[in-house]
Amino acid sequence: MSKSDLTRRGVLRAGAAGLATPTIFSGAVWAASHSGFTNAPEGGSVTLGFNVPQTGPYADEGADELRAYELAVEHLNGGGDGGMIPTFSSKTLDGTGILGKKVEYVTGDTQTKSDAARASAKSMIEKDGAIMITGGSSSGVAVAVQGLCQEAGVIFMAGLTHSNDTTGKDRKANGFRHFFNGYMSGAALAPVLANAYGTDRKAYHLTADYTWGWTQQESIQASTEALGWSTVQNVLTPLAATDFSSYIAPVLQTDADVLVLNHYGGNMVNSLTNAVQFGLKDKIVNGKQFEIVVPLYSRLMARGAGANVKGIFGSTNWHWSLPDEGSQAFTRSFGTKYGFPPSQAAHTCYTQTLLYADAVNRAGSFNPCAVAEALEGFEFDGLGNGPTLYRAEDHQCFKDVLVVKGKENPTSEFDLLEIVEITPVSQVTYPPDHPMFGGAEASLGSCNPGA
Amino acid sequence: MEAIILQILNGLDKGSAYALIALGLTLIFGTLGVVNFAHGALFMIGAFCAVTLQRLLNLSHEVIDDTKKDFLGNPLKVDVPYLADWFGADAAQTIIQWSVPLAILFSIPIMILVGISMERGLIKHFYKRPHADQILVTFGLAIVLQEIIKAFFGANPIPTPAPPAFTGSFDFGALIGMENIIYPYWRMVYFAFAMVVIAGVFAFLQFTTFGMVVRAGMADRETVGMLGINIDRRFTIMFAIAACVAGLAGVMYTPINSPNYHMGMDFLVISFVVVVVGGMGSLPGAVLAGFVLGILEAFASMNEVIDIVPGINQIIIYLVAIIVLLTRPRGLMGRKGVMEE
Amino acid sequence: MLGLATKDFVLLLVVAVLCLFAPVLLNPFPETSDLAQFNAGYPDLMQRFVIFGIFAIGFNILFGLTGYLSFGHAAFLGVGSYSVVWMFKLLNYNIVPGLLLSLVVSGLFALAIGYVSLRRSGIYFSILTLAFAQMSFALAYSVLTPITNGETGLQVYGNDPQYLQGDSAPNIPHLFGMTMRATETVEFGPWLWQFNAGYYFCAVVMLIAFYLAIRIFRSPFGMMLRAVKSNQQRMRYTGLNPRPYTLAAFVISGMYAGLAGGLMASMDPLAGAERMQWTASGEVVLMTILGGTGTLIGPVLGAGLIKYLENILSKINDNILHQWFAFMPDGLEDFLVAIVHPFIGKGWHLTLGLVFMAVVIFLPGGLVEGGQRIGRLFGRKKPAEAEAKAAAKTPAE
Amino acid sequence: MGILEVKGVNKRFGGLQALGNVNLSVAENTVHAIIGPNGAGKSTLLNCLVGKLIPDTGSVMFDGQSVLGRHPHEINQMGISRVFQTPEIFGDLTVLENMMIPCFARRDGSFRMHAFEQFSHERELIDKAMHMLEEVNMAEKKDMHSASMSRGDKRRLEMAMCLVQEPRLLLLDEPTAGMARADTNNTIDLLKEIKQKRDITMCIIEHDMHVVFSLAERITVLAQGTPLVEDTPDKIKGHPKVQEAYLGEAAH
């Protein structure tokens, strides 16, 4: 018998042929199969766990993430046109899976709830023998699942999570984030806003009343104030709010001339729609045109707001219209398979899968600690965001940030945003012990291989 | 002062939605005695009637435009609505923009049909069952309806704008000599519409024989049954009316906030609170509670209030519900003995 | 035995045996078969089965016996979880202090909420409890973040004091050194069984909770609670005060919920605010009704079914469907996949809704009634399910 | 001095004077009937006695103690039991369980947390309950689901539940309302038997003159919320005021 803190199986599935002779209580065999880390893959395949919201408000975003994962698995196993593999600066991926093992995957539903997400991730680790968990469409879930993976001893490659905390005060040695964060949004947006609207602006913030909202608001306030803006008021809105009229109306009574909506998803769609209803876009205050800003844009959600997004600034991790080779390859590959362009969530999830696979290949092992080491300080290019660094200190990717604007004349329902500026990585880089990221106290802890 | 006037307007507007949903719910819940967890789903279906009509009006065929390229670099396929072929591009554009008001007409027969089939097919068999069973079956139904809508329309919100004539906002301030009191046209339309529907339902119950019988049935079902009046059929009609009211509330709500498949669940809990705060079995109570809670919610979200009591905007509805129920045992206008056991 | 009538003792014994062999029984399909997808015998899900079982058993003491339908029991679940994690943060990772605290805190919480809410009955009571729970949820998510860590959920950080944490003590939840995650894995032919310490701990707690619930059901106190449901007027005119009886039932079931929440945090040291949301309260209501209100074993079955559907169905994707139907001709395979597709993966909610409707339409007494019918079909009573219902209705002698 | 003394009780509902200066004295170990036409205030008076209503003025003394402001369960614990117009029993429980509840209430008071005690240990109370059931001829129905019994059985069960508490005052609110003549006679016999076997005071509110004159030793006639006369049955029969206010009306 073997004793472990988290077990694996999957082996049996993969190595089914080798089990022709029934072994009764063959604990010894088990122990031998352990290579000192959780769910060490055996046989000819390796299992990845794709944990995305399939029900609840972010279900469509989750579905897009899942499409990207399936595409990534196809490409890793040598199917399709290879997507971004040919453009990726690291050349270890050759279409033979990961370390020569065929990539298999299991899927689960996070329901955008920490509990459900952890339950789903645990079942992937305990039941399906997943060696890596990835996905998610909100920061609460990302932090919760990242914590779980740290304890269980598997790698977590975060999906869409934008809160500073994910690689800030809640950073973990086994967790990695490719997506950008609230600070970067603020740092990238502020100069563009100052350029477009002037440095003498008074901002009114509406902020979703939970951790992501707060870190986003804190970041954008700091960056805009550094350029001369003042902040009139910051109002916290309940997450469950669906009608924002009573939060928008007071804006009319102040001398604010910019409204910043620190909302995401359904909240963003509704607050933006309501703000436009109240005529804020046409208002003139202090002789200036009133403006609305949405710091974190998502194309999927922007669709829900319809024409209201026209002309409104925001930031995004990636957009399919980027002209670089990697982005084009990915868009072509995804678009050909599914008939529409990928979202930023799809892009980050696809990229994370490739990055993981490559790290394993470079490390020559699935051991989470070896993989983490391979990812730490890794510099790469060709995955759609230009030269990128996976910083060792906090496991955050540093890359250029896109500032976008709602398009005035969209040609299709996917063509809603236009890129205004690509903010260079140097402008959005911060020290790992930045106070918004847990300060000096924040620590990754040490890598946990489980078992 | 301006701020207060604006919040009263907001409160009336929120209250309109609450009152409309609660009105239908209280017809089913307070009158027929069925704990209908699928009522939110009826509201949602109403909203998706508007979406469906918008889609129907937008039914298109593809025309290839060689001058433009799509995201893969192929020639752009442009969707041209059939309406444009029939009536010309401008007329078609206008019709599509007016899809939400048109959806009122479209939704009434659909909601009546939905209401009747729900009552005849399912709810009818649960009048005499325990409330617990009613909760389970209607909750199950709500999930199923929601998932069906999700399967067709996805999980994301779908924009359904108001007609151009009603976008933008109205400057009240200019009218009464104050600054900065502007209010969106469509929200005023919503309030007016709610008033008309509420008045219609009340008039119907007050001035028709049908209404009299139903009101008598609400007060004492057994006696009415004994009089040989076919109360069953009237209850079916009642259910259809309730479904209709919820559906219309949903149709008209779409331009205020883009509809999504779980909007019914978002309103479900609130609407139960509204009905109970209003008092079981009381239609005026439900309407009153809807507006009271709407206005209080609007006021609680003012900065001045939040500064004094942080977090009050998160809990105001529940706090008010607790206070009302503790000081007035049967809510604002409830009747004795309804759903108290 | 143990102060139980024979049939109750048999029921307890059956449940105990089922719990003991759950890791084997819940993994009926060999790992190598395509049906292994339906295996539920992995630690996390088994823990969830018994923890939600405790939650539902406790809820049934209130709802099944007194008929008071609380729509706010999730608040106690959340409070229990927070208590345990706070003990982890302050003392050490031993789960005992936390569980004791979760019982105390949820009991006090239930006392306060129950005292106020029980001034009203029927739907008014339901809405009062709902309002309290929703307030707790909204505040825990936002204003009370210093205590609850808001959206992220309360968890242990490296810089927490942990005053009693010894150097050698495990750095994960444990019971006097036995970690909750410790698992013995046994391979038997193509089968794989996981015997997990945390699960067995939860199972023992559930058996104790179940035993206490049987005692309460069969006690004079239990009879008084049924009297409350039956006729409060007669009760008052018989010289009994219904209020303290209902309050006691409310507090007991609140403590069951707190214990369940505490166990959840003990198995997985993270406490999220959404545990207190109305949907979680509604879930336990559905579990109880689905299984069979007022029966002993029903709520546990209901909890098991809902958790099973949630965790197993949601993980089936099209890829797996294609594997299942791979032996068929291509056209037929695609057709079958298309038919099944809406009900699995992201469509698991749809299946759940249909199951709710089917059970309530065809089995008015819940799953327990289904068990009874099967029992009758085979001519002999199945001891576990069939007697539970019958026993609840037989005289209290 | 009677066991129950009602003095100067007034009760108004809005503009309606339901009770006006009611004085009533019920002597121990007697059967006292309160009669009067509909709306005379009989039920209001009864509700004032058991704590469901609180009079605006006046006093209600039971055995020298005031009952005013006490809860119904406290008043019951003082020794007053009540039989309702429609039998109020615990429909979800069996007959024996129905009987056990008053037994527990008498022994343990208005609340006790006997959550882990066992029924089998309560031999004494079970015997007592069975004994009472035998007295009302229901012993063989002890395991029946009480809601499924006939109305007559429910009535007998309810009376047994009251009597097993050995009350000093039994209040009966139209105990034969809605019963057929044969059932009514059975009830009369049962009540007579009960009275014979023990020392008990009964106060009956009744519409049916046959019942009243078969049982009552003293009768109070209530009209428009005020006691008209109080006397023995024989005297009441011929009393002109009663003829006018009650029997006359009933003769219509």
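Points worth noting:
Here the chain labels run A, B, C and D in written order, and each chain numbers its own residues starting at 1.
To be clear about the criterion, contacts are C-beta pairs under 8 Å (C-beta built on N, C-alpha and C of every residue); 3 or more make two chains touch, one makes a residue touch a chain.
Bear in mind that the values here come from a model prediction, so they are computed numbers and not experimental data.
Under the contact definition, subunit C and subunit D share no contacting chain. Centrality annotation: C (chain centre taken as mean Cα position, compared with the mean over all protein Cα atoms).
Note: centroid distance subunit A to subunit C, computed from Cα atoms, is 33 Å. Mean C-alpha position of subunit A lies 35 Å from that of subunit B.
Centre-to-centre, using mean CA coordinates, subunit B is 52 Å away from subunit D. Among the residues of subunit C, those in touch with two or more other chains are 138, 141-142, 349.
Across the assembly, subunit A contributes residues 59, 63, 209, 236, 238, 240 that each touch 2 or more other chains. For subunit B, the set of residues that touch two or more other chains comprises 314.
Chain contact topology: the protein chains form a pattern that is neither a line, a ring, a star nor a complete graph. Chain pairs that touch one another, listed by label: A-B, A-C, B-C, C-D.
Only residues 31-32, 36, 39, 42-45, 48, 138, 141-142, 145, 150-153, 155, 157-159, 172, 179, 181-190, 192, 194, 264, 268, 270, 272, 274-275, 310-311, 314-315, 317, 319, 345-346, 348-349 of subunit C touch subunit A when the two sit together in their complex. Per the touch definition, subunit B reaches subunit C in the complex via residues 35, 122, 125, 129-133, 135-137, 139-144, 146-148, 151, 269, 272-273, 276-277, 280, 310-311, 314-315, 318-319, 321-322, 325-326, 329-331, 339-341. Those residues of subunit A whose C-beta lies close enough to touch subunit B in the complex are 56-60, 63, 209, 233, 235-238, 240, 242-243, 245-247, 249-250, 252-253, 266, 269-270, 273-274, 277-279, 282, 300-301, 303-308, 320-321, 331-332, 335-336, 341, 411-412, 414-415. Taken together, the subunit C residues at the contact with subunit D in this complex read 3, 212, 215-216, 218-224, 226-227, 229-231, 233-241, 244-245, 248, 252, 393-397. Of all the residues in subunit C, the ones that touch subunit B in their complex are 63, 67, 69, 116, 119-124, 127-128, 130-132, 134-135, 138-139, 141-143, 278, 282, 285-286, 288-290, 293, 342, 347, 349-350, 352-357, 359-361, 364.
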